[in-house]
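Heads up: the structure comes next, in structure tokens.
Chain lettering (A, B, C and D) follows the sequence in which the chains are written, and residue indices restart at 1 in each chain.
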Amino acid sequence: MKPIIHTHDAIVVGAGGSGLMAALYASRGADVAVVSKLYPTRSHTGAAQGGVSAALGNNEEDRWEWHAYDTVKGSDYLADQDAVDVLCKEAIDAVVELEHMGLPFDRFPNGKISQRRFGGHTNNDTGKPVMRACHAADRTGHMILQTLYQQCIKNEVNFYDEYQVVDLIRVDDTIRGIVAIEISNGQFHIFHGKAVIFATGGWGRCWEVTSNAHSLTGDGAALCLRRGIPLEDMEFFQFHPTGIFKLGILITEGVRGEGGVLINSEGERFMEKYAPSIKDLASRDVVSRAIFLETKAGRGINGQNYVHLDVTPDTVNHYFKQDGYTDRHIDKEYIEAKLPDIADFTKTYLGVDPTVDPMPIQPTAHYGMGGIPTNVDGEVLLNNDTVIKGLYAAGECACVSVHGANRLGTNSLVDLVVFGRRSGMKVADYCKDAELLPLPEGSADEIMAEFERIRNNTGSVKHHDIRKEMQATMTENVGVFRIQENMDAAVVELAALKKKYVEEMSIDDKGALFNTDILEAWELGCLLDCAEVTAVSAANRKESRGGHARDDFPERDDENWLKHTMCYLQEDGSLTIDYKPVVIGRYEPKPRVY
Amino acid sequence: MKASLRVKRYNPEGGGKPHWGEYTLDGVSQNDSVLDLLHRIKWEQDGSLTLRRSCAHGVCGSDAMRINGANALACKTLVARLGSGDNVKIQVEPILGLPVVKDLVVDMEPFMEHYRSVMPFFINNDNVPEDGRERHQTIEDRERFDDTTKCILCAACTTSCPSFWANGKYVGPAAIVQAHRFIFDSRDKGAEERLNIVNEQFGVWRCRTAFNCTNACPREIEVTKAIAEVKMAITNGII
Amino acid sequence: MASIAGLRTTLVEGVRYRGNIGHWSWVAHRLTGLGILGFLTIHVWDTANATFAPHIYAWSIDVFKHPFFGVGEVAILGAVLYHAFNGLRITLLDFKPEWWQYQNSSARWVWGVFILVFAPMGIYLLISIFTHCADIAAEGASCWVLPSLADYPLSDYRN
Amino acid sequence: MASATKQVTTNENFERYAYLFMRLSGIALLFLAVGHVLIQLILNDVHNLTLQFVADQWSSWGWKAYDSLLLMLAVPHGYNGLRNILEDYIHNERLMRIISVLLTVFVIVTVIYSLIAIITFDPASVPRG
């Protein structure tokens, strides 16, 4: 079967918040195709709950500079501060623009967009949590995704739904397009264009317990890596403190924003010890580590590795009083109105009504701070300072870097809209002048051969077995706390798994129609690549910073490690590491206390 | 405990006919979802079993299927809800009224076409406020359409509707829910156009108030209520 | 690809679908509506005969006294009662969207009230079929024999 | 700020009024049809029904009016219902249009024919027996 060729100015890969935002803006000046393996509204942006931050100051004083400082501090000073300034300044416009597109934000009594408190977001003068997270109940991501998709329909953007992108066509230092499989019938397609924007989301499925969808397998990052693009800061992966025990389903930080507290087996609000001033609303890496330490010290509920997240009105009001909030008081109805979906999840999956009983939670693999390196216009970097023409990335798969070593809650959605928009505009601009470079002969041959290989490989191992082993080793060795020996073991084991993947794996479904067996097998390859880069980058960084916490190097080491990791895949399959300096601006690194 | 699953299989490639696949799983827990069980079949027994899924917790709308006779999301249907005892019997089929592509996967295009037909996007060409900030909306006005913003386009409602089974031209409850979301948004200016679309022959009037949609909706949207509100808006000329 | 909805889907899968009670109310409403309509059509045209061909009308009245039609009449009574009560329920739910939460309970109420009203009447009518047949048998005839139109000369029925 | 309602005008179309007619006529039929059935079947045993009985009833203009109204509502209600059902299952638009026209003609003929029967019925023509 010969691949079918389509030509568009720009090709957006992925239809989550970032992909749709980019498509919307790019389509104002160029002919855009959005190619996505899921129907757009099924992208994982739809799972985002808590909110999108912007210093609107709708209810109390707030400034974008405060937002920027919080972001930099949250990043453990690894974020590039010029990019952070862009993020926080443009967040205000971007959020207002979403409202103009019809996004149904919750409202304050004065009719303005409602905002709530969120981890790490503070009033810089008082150090107290500030109301910065704009939200639509606890389904903010869902509303962003729906709104953007709706606007794309309105603007008649071209969608290729359920087409899985499996290769990037790069010729020297130019990009010519991508190769995709039409999932429903197995047909290969080549999308020939002037520009490609990757917006494929995260790779949380490298770990066992994760808040990420089954579809988040790091395809975009892996494809870039395989075509010679480095991956930046991959060792920094965020473990969200409050995932439902064993399932990993996320319980938004908004629960704590509304007053919820973490309680150990002794009934103690343990965050008071770890972050005396903002307690349960400390930034995520801090809280996850605290939970880990509590359970390790035997203070997990029933001796197991989980603690309770308690948002029952009695508990919450008790601590409000203790914290001196005289004006705050909540009741059952308030919780139900503000956190309806959370209540639905815990009732469905745990049989727990959060207004009556506490929820069992544990840290869950959540968000990749690293990814495909870009500048503030979404242009992908070939190395520390050269841009590769025609290639862009935005959203979770990209690393601008605004999140550094640890992302603040709500800052991902901001990232999607701000940098999705910027890259969209940049692409529209680029396509105006750029010429369509010819498609090389046989652009799809290599990947088609790879699929034939997977299809026909004989062996006794199923992709699921390899996936389970990878997840086990990543959880065990490259999790919340890390030590050298374990990370090294993970690197070795991942290499062995990759070998197994090539040599011993076989699939059951040999057909062409909607073959999810072969696609899952191929996705596993992407996961293995992302896992390996993560493990290698982690083993290399000999300090603790943000999401990368080491027992053997417990301190942050600005002298040696205030730099970004850039990991390259070499021709021979080995990974090499280089570094990129961090852009420091107004905020000099200092110790991080909450 | 054990679970015995009967899954409707169909692979037209090579002229296959629809048939039941029978699978037994050991070590099943009350808290497993049907998606977990289908995954186990796919990963441990037969990799060719085909279904859609993504988020695994009921927010993406990928895995609507007919479980023990009624539409539901596989990832949100726990074994505990389907039976107790040490051998739970579970029957899984694709949703009705859309062409089956393979096994549990149906062609969503007719459904999406209806969705797109109701102008499911915000319309307001007035100038934005002078300060460049957001339009205002009262809490009550926002509440008015809250329920219908929850829709994840899973198609469980439309494919449970006897009117849709009978005639695929019926725009279907999901599209009406989407229209409702905008019609009752105080900021939106496209209400009349949308009302006219669902006022057509195969619009809201095809709804026979059977309530299958409401019962099937995994987001617990009050679907029939929304449809009735649209009917009344047309009838009374007031929204 | 177009949707594959149609009569077959409804007939085969509509019965297999495990909807809630509202689903079965819909099925019953549709069937009773059709049933009544069938009867009504015959009934209307037949009744017009009272004016235009009274002898045929008189004959048909006697035909309808056959136990077969007697049972049919019981069914029609049931159909009208159910269809009427459920029709009211549907109308209220359409006109009062906010009452949607009573969908299940109202459907159960409709079935309950229907049975309460229909059962005694149905039994009464069934008994009267028996007594009718018994009366005729006492006269030495049989209620199972259909009258012949030839026995109904027009002159007997029009002045 | 209080929430305000908006006035809207929408296209006139047949389906919308047909829908309304089904519901409103249904409510009227709730009394007319159920009443009719109860009177015919229960209050007057079917087995006592004769032409004479009809003559007695239609000697009153009140009953003539009752039955006419019932006729004019029930027949269109029933046939519109039938049209709805057929429209569900018959997807050929031309065929369906033809059927609709036939049904309409049939409804009109039936109603007019029966109305004439009711109105022109002369109780005196029935021999007292």
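Quick note on the criterion: a contact is a pair of C-beta atoms (placed from the backbone, for glycine too) under 8 Å apart; a residue touches a chain by one contact, two chains touch by 3 or more.
Predicted, not measured: the structure shown is a model, and the values here were computed from it.
Counting C-beta pairs in contact across B-C and across B-D gives the higher total for B-C. The distance from the centre of chain A to the centre of chain D, each centre being the mean of the chain's C-alpha atoms, comes to 64 Å. Averaging C-alpha coordinates per chain places the centre of chain B 37 Å away from that of chain C.
Centre-to-centre spacing of chain B and chain D amounts to 38 Å, using the average Cα coordinate of each chain. Counting partner chains per residue, chain C shows two or more touched chains at residues 6-7, 10, 90, 94-95. Looking at chain D, one finds that residues 1, 88-89, 91 touch two or more other chains.
Taken residue by residue, chain A touches two or more other chains at 111, whereas all remaining positions touch fewer.
Because contacts link the chains in a way that matches no line, ring, star or complete pattern, their graph is best described as other.
Those residues of chain B lying in contact with chain A across their complex are 11-14, 31, 42-44, 46-48, 50-51, 53-62, 76, 78, 101-103, 105, 107-108, 112, 116, 119-122, 124, 128, 132-139, 142, 145-146, 149-150, 152-153, 182, 185, 187-188, 220. Considering their complex, residues 136, 138, 140-141, 144, 163, 166-167, 169, 186, 191-192, 195-196, 199-201, 203, 205, 231, 233-235, 237-239 of chain B touch chain D.
Residues of chain C touching chain B in their complex: 1-7, 9-10, 13-14, 16-20, 22-23, 25-27, 29, 90, 93-98, 100-101, 103-104. Interface of chain D with chain B (complex): residues 1-11, 13-16, 18-20, 87-89, 91.
On the chain C side of its complex with chain D, the touching residues are 6-7, 10, 30, 33-34, 36-37, 40-41, 44-45, 47-52, 54, 57-58, 61, 64-65, 70, 73, 76-77, 80-81, 84, 87-88, 90-91, 94-95, 121, 124-125, 128, 132, 156-159.
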